[in-house]
Every structure is written in C-alpha cells, then in structure tokens.
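Okay, here's the structure, questions in a sec.
As written, the chain order gives the labels A, B, C and D, with residue 1 at the start of each chain.
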Amino acid sequence: MALLDIKGLKTHFTTDAGVLQAVDGVDISINRGETLCVVGESGCGKTVTAMSILKLIAMPPGKIVEGEIIFEGRDLVPLSSHQLDDIRAKEIGFIFQEPMTSLNPVLTIGEQIAESLRRHEAVTKKQALERTIDMLKLVQIPNAAGRVHHYPHQFSGGMRQRVMIAMALACRPKLVIADEPTTALDVTIQAQILDLLQDMKERFGMAVMLITHAMGVVAETAQRVVVMYAGKVVEEAPVDELFGNPGHPYTKGLIRSIPRIDLDAEHKTRLEAIGGSVPILINPPPGCRFAPRCKYAMSICTEKEPRLREIAPGHRMACHLGDAS
Amino acid sequence: MFDNNLRGMIDDVKDGRMDRRAFVKRMIAVGLTAPMANQILAIGGVAMAQSPNPYKPTKRGGGGPLKLLWWQGPTLLNPHFATGTKDQDGSRLFYEPLASWDVDGHLNPILAAEIPSIQNGGLTADAKTVVWKLKPGVKWHDGKPFTADDVVFNWEYASDPATAAVSSGTYSNMTVEKVDDLTVRIKFKDPTPFWANAFVGAYGCIIPKHLFAEYKGSKSREAPNNLKPVGTSPYKFVEFKPGDLIRGEINNDYHMPNRPYFDTIEMKGGGDAVSAARAVIQTGEYDFAWNIQVEDEVLLRLEKGGKGKTLYAVGGDIEFIAINFTDPNTEVDGERSSMKTKHPILSDPAVRKALALLVDRESVKKAIYGRAGRTTANYLNGPEEFVSKNTKWEFSVEKASALLDQAGWKPGADGIREKDGKKLKLLYQTSINGPRQKTQAIVKQACQKAGIDVELKSVVASVFFSSDVANPDTYSKFYADIEMFQIPMTQPDPALHMRRYLSRNVATKENKWQGQNFPRWVNKDFDAAIDAADTETDPIKRADLYIKCNDLMWQDTVVIPVMHRLAVEACSNTVRPALSGWANQTDNLQDWYREA
Amino acid sequence: MAGLTLASPSAERRGYSPLRETWRRYRRHKPAVVSAVLLLLLIAAVVIGPFVWRVSISDIDVLAGMQGPSLAHPFGTDDLGQDLLARMIYGGRISLAVGLAAMLVSVFVGTLIGALAGMSRGALGYVLMWLTDLFLSLPQLPLLLMLIYLFRDGLKAVFGPEGGIFILIVLVIGGLRWMPVARLVRAQFLSLREKEFVEAARALGASPVRQVVRHILPNALGPVIIAGTIDVAAAIIAESTLSFLGLGFPPDTPTWGRILYDAKDFLDIGPHWALFPGGAIFIAVVAINFIGDGLRDALDARKVI
Amino acid sequence: MSQYILRRLMIAIPSLLGISLVLFVVLALAPGDPFSELATNPNVPPEVQAALRAKFGLDDPIYLRYLHWLAAMAQGDWGFSFVSRVDVDTLILQRLPTTLYVVGSSQLLALLIAIPVGVYAATRPYSIFDQLANTFAFIGFSLPTFFTGILFILVFSVKLDWLPFVYTEVPGSGIKWAIEMIRQAIMPVMVLGLFQAASMTRFVRSAMLDVIRLDYVTTARAKGLGQAKVIVKHVMRNAMIPVVTLIALQMPAVFGGAIVTEQIFRIPGIGSLLISSILANDTPVVMAVTFVFACLVVLFNLIADVLYGWLDPRISFR
C-alpha cells in the first residue's frame, strides 16, 4: 500500500478573472523510501499540489474542491488545519524553494529547528538543542555548535538551504517534499544539496517527493517520475523507462530540450524547444491541454480529454496517440 | 434745595426721629447707592450701622466640607502679589482685611473692632485722616497675637517698590502710624472722600509681620509663607498646588462667635465655565462655582432638574465698545493712532451716533448674557447715586442709515458706503472670549445692513492686555477703529473708573502707551468736572459731577456701552453664600453656611 | 500561497500601463472606491453648495436660535440663529483644504527629509535628525502665536484677512507634522538600501536619486500613506483644537472644527449642532483613510490581487 | 553597542543646546504678557505693571535673557514663574506624577487595545471583526478629544451619575481612597486612551499584514506549530519592530500631557500647566517644560534606534 496516494485532486483559486483550475484531477502516489520526481514547466501546478497536501495554501482564495490525499490510509483533505498540525513536520517535512526568505530573520537558526522538535517530541530544551546541533552537523554545516545561535542573515544561500533540510528532517518524517530546493542555488551548491538529500534518504529511509523543472535533476535523483502539464499528470514511469522510452509528446519534447554534454561535437543536434506557452487555466478548452502545442495533435485531441492508461508495466500516459494502434 | 433737605434728614436720624433704614430708602429713591448713603451718614455724623448678615448657625463647625470651583485656579496665595481676582479669592481664604463690603453695601468689620465714623472719632470732617480700632484678642493661625504693628507693616511692605507688590496703588500717597497696640491712624496727603480703600476688601488683606518682616523688598519672592499662608481667617492652611487645588481646615479659635460653619474648605481650579456650572448645578459634585460667564440659555437648561441655581450680584462692571478718535492706519513719527491725527471716519459725531444706533443690545442680552446683563446707555452704572437718568439708547438701522446719508456717506456699488473716495470700513477688535465673539457677529451684521463693512479681529487675552511696548495688538495702542472689552468696578466709587478719560491720561508713545485714556478723547468740560469731583466732599455735588461726566461721554459717543454686566455665580441649593456686588466672592467667607 | 508564483492570466493585454494597472488593482478594493466617490461628493457639495444653498452664513436671527433640522434650515440653527448648512458648506471648504494641504505638506517634507537622512551615510543624516528632533520638541502653540504675530500683517496684505490666516494655519499644522513621517521613511530607507535589488540598481550605474525614486521609495510607500491619511484627520482636528484654545481662524470663519467647538457646550440642548460637523469630519476622515488603504494595496506590487 | 550609544549621547548635548536656543527665541518673540490681568484693574495703576515687567527683565534684549536663562540653568535653577511666583522645578515636579499617572495609563490602555485588536484584525483581513475594528479606529481619531470628553461627561456623569468628572488629588490612603482615585481617572484615561488606540490599531494591523504574507510564515506553519504560535512567535515578533519604534517615539507625548483632556477634566498635569503658561506667556515655565520635553524627545529617539537594532539582528551598529 503506497505511503501517500493522491487521487483526483482538484485545487482551484477564485480570482477576479474567474476560477483558476491550478490542479485539475491529479493522481500521484509514493511508496515508502521511494524518490519520486514531479517535473513540469513552472505554472503546471506541481507546487500547488505539494502545498495542498499539508494545506499550506491560503484558503481563501485557494480551495481543494475534489479528490483525496490518503497518507498511511488516512485521508488528509477533511482534516482541519489544527488536526493537520500533528502531521506537519512530524510525518511530512517540507523544504521550500527560496532559502533567502524562508527563514525567520529575527530568530536564531537553532531556535527555528528546536521549536519543531519541542512541538512534536517530548524533549527538554537541552535535548532539543543537542539534537539540533547533531542535525546541523549531519547537513555538514561547519562549526555547528558555534553557529547554532547565529541568525539567518549570517549564512549564505547554500548554508540556509542546509538549515532548511535540517529543519525538515529534525523529526524524522516519513516523507519529505522538496519544492525546487536547488533552483535558487548555483550549480556547484546544487549538486551538494542533492547529494545531501540522497545521504539523508539512505540514512533515514524516508520517501522524497522532489519537485523540479530541471530534467537533469530528475535523471540524477529520481526512481520514478511524474510529468505534469497544465494542472494534470500527463505521464508517469520509472526513470529509465521514461528517458528510454518516452510516450507523451510533451515528455519527448522535455527530454530533447536537455543540453547533451556527453555527445561529442558531430552528434550534437540543435536544441529543440517546444513552441507556444503554458495555457491559461481559467475555463480551459476541452480535450488535451497540450493539443495546441502538440506536433501530433489530431482532431480527437481537441474534443476528448485523454485518460491515463498503462502502456507498459508501471508506465502510464494520457495521450490519444496510442489509441489507434 | 436738595442739600438742606438732606441735612434735615441726617439730623432726624442723629437724634433718633428717623431710623436708619428709612433714611437709606429715601437716599436710594433720590439716586444714592446704599454704600454711598452710609458713608454720607458717617460723614454727616451718623455711625454706620453694622447690619450683620442673617447668620443662622448657633455653633462653630459641624458643617462638613465646602467645595468651591474656580475655573481659573489661583496661582499664588500672597494678597499683595494677586494679579487677577482669582488670586485675591485664593488669598482671602486665609488672610483677612480690616473690613469688607457686605451685601447691603455696609462696611462689615472683620479685623477692625468697629467702623470708623465721626461719632467714634474715627473720621475727621476734612476726610484726610482715618483711625481704625482693631479687634482685641485676635490670633494668627500660629497663635501669635494680631496687633497694629502688622497693619503698619503691610503698608510698608506694599508701598516699598522693591517688593514689586501689585497692591502698591492702594497704599500710595498715604502714611500709616501705630497709635497703640490696637489702633492705627491713616493720613491721606489730600482729602479722599472715598476713604474706605486701604485695608478694605481684597487688596486690604493683612499678612503677618513676624513671618514676612525679613522678606520685605527685593527678597519678597523667597518668603516661604508665600506658598504656606498663616493668616487670621476662619480656615487654616492645609495644602496648595498652584493653579489646581487649595485646601483648608477649620480654625477653632477664630475671632468671631459660632463661625465658621464648615469643617474643611477646598477650592479646585481649572476647566471652563460651562463644566463648572454643570458640576454645581447638574451633578452637585461641588457646592459653588465662580464667575459663570455662560450663555443664559445653557444655564436655564441646567437649572431645570438641577441640584443648584445661579446667583446674581449687581456691581458696576461695564462691557463697552470704545471709539478711536485718532487714525490707526497712518504713522506719525513711529506712532500709529497718534494724537497728531484725527480719525478720518469716526471723528464725525454723526457717524459715531449712527454706530451707536447699530448696536442691538436687546439681541445681545437675549442671545448671550440673559439674566446676567442689563441694557444701558451709561458708561457709569453704579453705585446708584452716580447713575445718570438723562441718557437713552436705541437700535434702528433706518435712523443710522439716514444719519450716514446726511453725513455724506453714500452707498457705493457693492452696498458699502463711500465719501470722497474713502470706503466706510471699520476694524473691530476684542480679546478672545465666547460671548464677545457672538456680540461681534451681532454688531457686524447690523453694520452690514447699514452699509458699513466691519472686519472682525480677536486677540489672545494675554496679548490684548499686555503692556509690552513691542506688541502691536494691545488695547492701549488701539491699532483698530473700534474695540470692545470689559472694565470692572472694583469699588463702590466712580473716581478711579472715570478718571481714566482725562485728556492728560491719553495713551501715547512718550508714556509707553501707559496712559489709561485709550480712546484718545480730549474734552475740556470733562476734565474740569473730574478735577472738581476729586476734591468735592459734599456727596450730592460729587454725584452730580460724575453724572455730568457720564452724560458728556454719552453725548459725544466716546464709548458705546453694550451691557451692564452682573457678577454670576452657580451655587448648590443648600449652601447660603454671603455675596456682595461690591466685593470679591470670598470676601465674606466667614458668613457662609449650609441650610438643609 | 506565499512565494507561490501563480500563473497570472496571460491573455494579450491592451498595452500595459502602470497607471491603468494601478487603477485596476485599486478598483478591486470596494471600500476604497466607495470612499473616493464619497470624498468627491463631499468636495463637490462644499464647492458648489454656496450657489445652490444661497442662505448667508452670518444672518443672525436670535429668535430662531437652537432649532433642530427643518425645511428652512436642513441642518438646523446655532444659538445665534445662523443657518448651519450654509456655515458647514463655507467651513467645509477650509477644513478640507486645511486637512489635505497639511497632509501634502507633511508627507512631502517628511518623505524628502526622511529619504535624505536615510540615504546619507555621513553628517547630513545627523544634521537632519537634529532638525527632526528640534521640530518634534517645538510646542505648536507658541510657534503659532509667534508666526501669527510676525507674518499675519504681511500675509493679510497679500492674501486678504482670511487667505492670510489660512496659509499660516496650513503651514503651521502641516509644518509640524512631518517629523513622524520623516522618521518612518528614514527607518524604511535604512533597511531597504541594504537590499539586493538596490545594490543591483547601484551596480547598473543608477544615480542615488534614481535609486531612491525608482526603487526604494515605492517599497517604502506603505507606512507613509498610512501616516499621511491619519495626518488628514489630525490636521482637521488640530485646527479645531486651535479654536478650542482660542487661536486659529477669526471668529466669523465657521470651519468644521470651529462649529464643533462652539457646539460642545450645547450638546444636551441642541445635539444637532455638534452632530453635523462631527459627522462631516468623520466621513471625510474615513473616506481618506479607505482611499489610503486602497492606494497602498494598489501600489504594493508584492500583494497579489 | 555601548560605543554607539556613547557617541549618540555626545551628539545629543550640542543638539539640545541648539534646540534650547531656538525654543527660547520662539518664546521670546511670541507676544503676550504674564501681567495682562492687571491691565483693566483700576486699582492697579499702569506703572505697576510696567515696573513688574522691568523687575523680571521682560524688556531686556533676547540674547541677554537667553544667557541669564542658560547661566541659571547651569546652576540647576530652572527659573522663576512670574504667574505663580514660585520656582519652576517645584511647579513641574508637583504635577509630574499626575501626568505620568493619567497619560501613562492611557498610553498603556491604548496599547492593551491596539495590539490585540490590530493583530486579530490582521489575521482575518476583511472579516466582520476587521471591518468593525477599522470603523472604530476611524471614529477614534476623527473625533477630537474635547468632543468625546464632553460626550463622556454628559453620559457617565450627568445622565448615569456613575463617575465624578472633576479630578481632585487629595492625599490619603486605604482602599476607599484608592478606589476614588481610580474612579475619577477612568473617564480621562478612556478618552485619551481610545484616541491613541485608534491610530495605533491601524499601524499594528498594517505592520502585521505586511509580515503575514512572507515566506517564513509559511515555513512556520509547515512545522505544525499551530495558528496561535505562528502568529505570536513568528509574525508578531517581526511586525512589532516598527510598532515598538513608533511607541518609543510617542513616549515624550506622555510627558507633554494631553492639553485638551487635562483642560476638560481639570487634571493638574504638565499639559494644563503648559497651556496656561503659554497663554499667559510665562516664559520660564514654558521654557522649562519644553526643554524637558526636548530632552525626552532626543532620549527616546535614541531608545527607539537602540530598540530597533536590538530587535532586528540585521541592523548593525556602525
């Protein structure tokens, strides 16, 4: 039984211009200890999906209109924010994208980590401090004991992201959702953070849902991949299957847009970009939302919405292309 | 005719054929005030009867607290430094004069054993010496005896310029000698018919010599007892916070029997007149509130379901509009409103008469002063015997317009009258005060109907009444066409009140604008009449002279009297205060009591 | 929701202009729109009023004193029988002008001095702060007394009796309220100038002035607008407190504050006399504050609307 | 930090001297005469009033009077009031406790109202509570205190007769005395407190709204700390920085007293002393009160800056 199973999740936002269907029927599931990558262009609803799990989106204007989020057999959607508090950080940890603004500027990093421990585990102040220092060492922050009382503005971007990771993992959650943890960092730090996440995963055996728009990061870390476009899941497969045998035209487009440094000069081809831009998710047209940008678009694509169906063991795709055969 | 008739009556009283009260009534019928009638009797040889106020309580104390509300809180407790009446009232709680005016206009002895008169040798026929006999056995609050030395010391203390006492005016041009421990003789330089000024009333309060002796002169400000008075009054000092609170408690060995009635006294300062009236009349939180200058309409409303009422005492205070006989807009060697100029508009008597016709006194009375004001055409409205019967006032825009037309002031295109290029525009200034601002509005509207353009100006009181030479907005500089304010009469005698308008008293740059004649009005007959009255010992002739002066001012429209204002107080229904039109509110504090 | 970049609708736009965008966001704020209309109505009533309601402001009719609202006098009369509606219209012009002008003076001067002090690194900062401390400790009354005493005749000669005192009052009320704004702006500048986007602008060769106007100021506007809108209320009330102490406009200029002051003793006899000026000041102040709220939300780019 | 404070204090001294000079010139130039009440009193001939002015040196040139004042001030002689003929410092010290008691508790009341209301309104923007809080705030600062003061008197003293409205400080002890002291202070404190709470609430709400949207608040909520803890520990801790600075800046006003409220309820505070002295142009008293006020302004500005630095670790003291 999957650790987390999201079924038909719909999260809409009421705005002036109408109801924005940011997430429109998403099915994602994660097993224990698995690293799942959710990939897609920005604005495809991947962050809203993640935030909906722990109801971190502001309601109003946001609202979960439909669907279930089953975590260890328990549906989180009907729970109140107060009931969710026992799960937040204890069962499901969150790592945010923007380290510069995600830490409280007027509290020491030690305090911000210790408070999560004190909230969820019966620990004294002293024990909380010791475990905080251990966590900081774990995430390779130099002179952890000394710097535990420093303030966020005294740390670099990379260091702050390590603090965020320490904070998210402090209570040994079963699942960690990392919302583009490396986007704001430069490449060298990016690799260190991803390695760190990998070490943590092996050490604590937790599941990781990594949200990113960089196919390179997916290739390197994911065991299974979910591709989202315009509020829906368009393809889901194990990482090798996805890169080896991509089904959905959008996934193919994404893979072709990765710059290849492993090919030598002659085999390099011009990078292919997917034309057009992400559609407006306010009363979107019927049929497949990728149709306007899809090279293989057929008339059916603009009438009927394709359903997810299995095209290989563990490999599902929502596209009419396979219908004919 | 008149004189010998009067002499006859005095003789009747002297040998008992006519009782005093009948005589005073006849005098009032003839136009003399009670105080003056009594002084005539005194000089005419009949001892002034002391009609003690009907003080009912039969034992001292037991009356509980007496709570007074002064919306201008006294700022100091030395009678000789008292700038305003509020300070006099504060000092009077603890210090006492030799005598004070009571409600019937009699001199009521306090520290004096009796009132000086011809019979008891206290007065001399030539009105140049007065002998006061002091009450025996009077003690200061600290137990020391009260003797003639204290009285003489107060004269030395006040008349010494270095003390910078405010009461120096009262004690100038006289000498005070000690006759014996309980008698004092005052010698005036020249005959003063109105002798009851020194040691009487507010400025007459006596401070103890043994506490102030070494603080006479320039060290007067360091005296510790300036803030902790030791007097002879019915209440002993407890606490004083300048501008806020004075508290006193009963003086058990006070020199009058069965007095005082109240056990403690409290005078609270601050706030404004309306809330003072509310605190006494509506909520009854206080027993007495001073000087309620409030629209009558508000007072009537408060009295409806109230716990108190308003009391009125008739004095001689007059609110008037003064006319500038010189030109305030042209400067002659550095001086505006200089005597070398004539007012381009108001020097024409017709225009002054027209202006007098445009002051709607009835509306001012109805809308503002109500019961606290009496319409009058006279500048001199008290004491009775000096009030002229030959003047009258009228309000009529038509007559005023007619007068102005005859005087050549034709209405211009914009309705404002003009004469050879000059517009009929007047600047009307006064000090800042609610009722006054409303009076300005009423006068301005009437003037506009008659084609006179009036610009209103109001100046902060401390600036308007300032004697600072550099300040252009003072009443004595009079840099305006007409100005309005009130001059109080602090004693039941017109001498000081009328002397102001002598030609030689004109305010000019030379005398640093200290001359009291701020309208800059020059009139030979008026000067002659005043000088004559100064030395006239015959009260009847003296009264006629002052009535003549008043009529002269009326004929020449020097001032336009707006309202003869009465003193207004708010008092709880159960307290019986002893008030008099000729004295400050606390001058007879010893006779206050409460009746359930 | 925070830090979430929502897919803003990307339909083609009729050419993006900041003004139209601000107006679009401002329109979202319902109370602000209602208040703007209300304020315009108030200003129109005060400006056009005299032509519609021709009763003179100073006609005294003592018999008709203290009457409640009636057909002849929609706002009733005061104790001298003067028509309150006419006086409210006449006074409204001055009160609103004093309020708005004083606010503009205080916000402009405050922002200018605050910005200069905030940006300067050397002595200028201290000198300006000394000036702010000086003005903060100057008691308003004696200053007004002195200014009236020194400039009244000069101003009266140039602008006429009422104009002169009006400018004097506005300058004093406005001229003594800029200090809190200056301090607010300085504090904002001290923290904002450290921010990366300002360093970026500096790196791109932006002159200090450009940094201030284009980058720092728009971010510092929030509290300034709040302080500014509160200032309008404070200015109108300061003018009325001046009449409470007997200074301010000559007695026959019925500003709202003045009417309220004159009416305070008659509250239990004729409450109407105090209710209309009190109500008018309240409406003006509420409108201006909601407009301030609307403006702040509209101009604050970070707030997603 | 202490080095920074020392430097600021050194700068304060010349700044205060400059302020005292400007204050003195303003007061000397302002017209008016402490002995104006004598003018219309016929008993007092005009020479007396002129003599008094000369004795107190009112007619000397301004710079001379300033030097006298400064020399006297240096020796701790705060000057001598013309109107009450008493040393100014005894006058001020006598009234200081009353002002601190009344105006101080009204500032406290203002904070006790403004902070909870402002915070709660910010957590539920545009809710009923928020609209109500806003409306009352507008009513609060759009009605002058002299109007609300009289309204309170009419309702609570005249109609309901619950509270006395004349404030008299009588020394005493015991419960009954204490209750009486509190009863008579309720109305002035309410009138003043509500007026100050009004504008304070709007600042607190605005500061909270600015902070509540930031990323670290979402982080805090992601830690499952619960709404209350998130608001108090994370949001308020940041939002209060500008608010605390604002409160520090308003402290001198506590000393300045509330002129209008003290006038209406007859509270013998510094405010009513200041007003009566200004209207009577009693320069030494006005000078002393405004000079103490200036010192407090400079002091509390320093406190505000230090508080700002202490509360916000990002601000370094250069």
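Methods note: a contact is a pair of C-beta atoms (placed from the backbone, for glycine too) under 8 Å apart; a residue touches a chain by one contact, two chains touch by 3 or more.
Note that the structure is predicted; figures quoted are calculated from it, not measured.
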Pair exhibiting more inter-chain C-beta contacts, B-C or C-D = C-D
Kindly work out which chain lies most centrally, taking the average of its C-alpha atoms as its position.
-> D
Work out the mean Cα position per chain and let me know which chain is farthest from subunit B.
-> A
Centre to centre, by mean C-alpha position, how many angstrom separate subunit A and subunit B?
-> 93
Determine the centre-to-centre distance between subunit B and subunit C, using the mean Cα coordinates as centres, and give it in whole Å.
-> 48
Taking each chain's mean CA coordinate, subunit C and subunit D are separated, in whole Å, by 22
Could you please state the distance in Å, as a whole number, between where the Cα atoms of subunit B are centred and where those of subunit D are centred?
-> 40
In subunit D, what residues contact two or more other chains?
-> 31-32, 150, 158, 214-215, 218, 263, 279, 312, 314
Contacts with two or more other chains occur in subunit A at residues 96, 98, 101-102
Multi-chain contacts in subunit B: which residues touch at least two other chains?
-> 460, 463, 471, 473
Complex interface listing, subunit D residues touching subunit A = 214-216, 218-227, 229, 233-234, 237-238, 241, 311-314
Which positions of subunit A touch subunit D when the two form their complex?
-> 54, 56, 81-82, 84-90, 94, 96, 98, 101-107, 115-116, 119-120, 151, 153, 164, 167
Across the complex, what residues on subunit C touch subunit D?
-> 1-3, 126, 129-130, 133-134, 136-139, 141-143, 145-146, 149-150, 180, 183-184, 187, 190-191, 194, 222-223, 226, 230, 233-234, 236-237, 240-241, 244-246, 257, 260-261, 264-265, 267-268, 274, 278, 281-282, 284-286, 289, 296, 302-303
Along subunit B, where are the residues that touch subunit D in the complex?
-> 69, 75-76, 78, 81, 83-84, 161, 164, 166-170, 172, 203, 221, 226-227, 239, 241-245, 247, 266, 268-272, 275, 278-279, 282-283, 285-286, 460-471, 473, 475-476, 485-491, 496-497, 500, 512, 514-516
Over in the complex, which subunit D residues touch subunit B? Could you list them?
-> 31-53, 55, 58-59, 80-81, 83-86, 91, 94-95, 150, 153, 157-158, 161, 164-166, 168-171, 262-268, 272-273, 276, 279-281
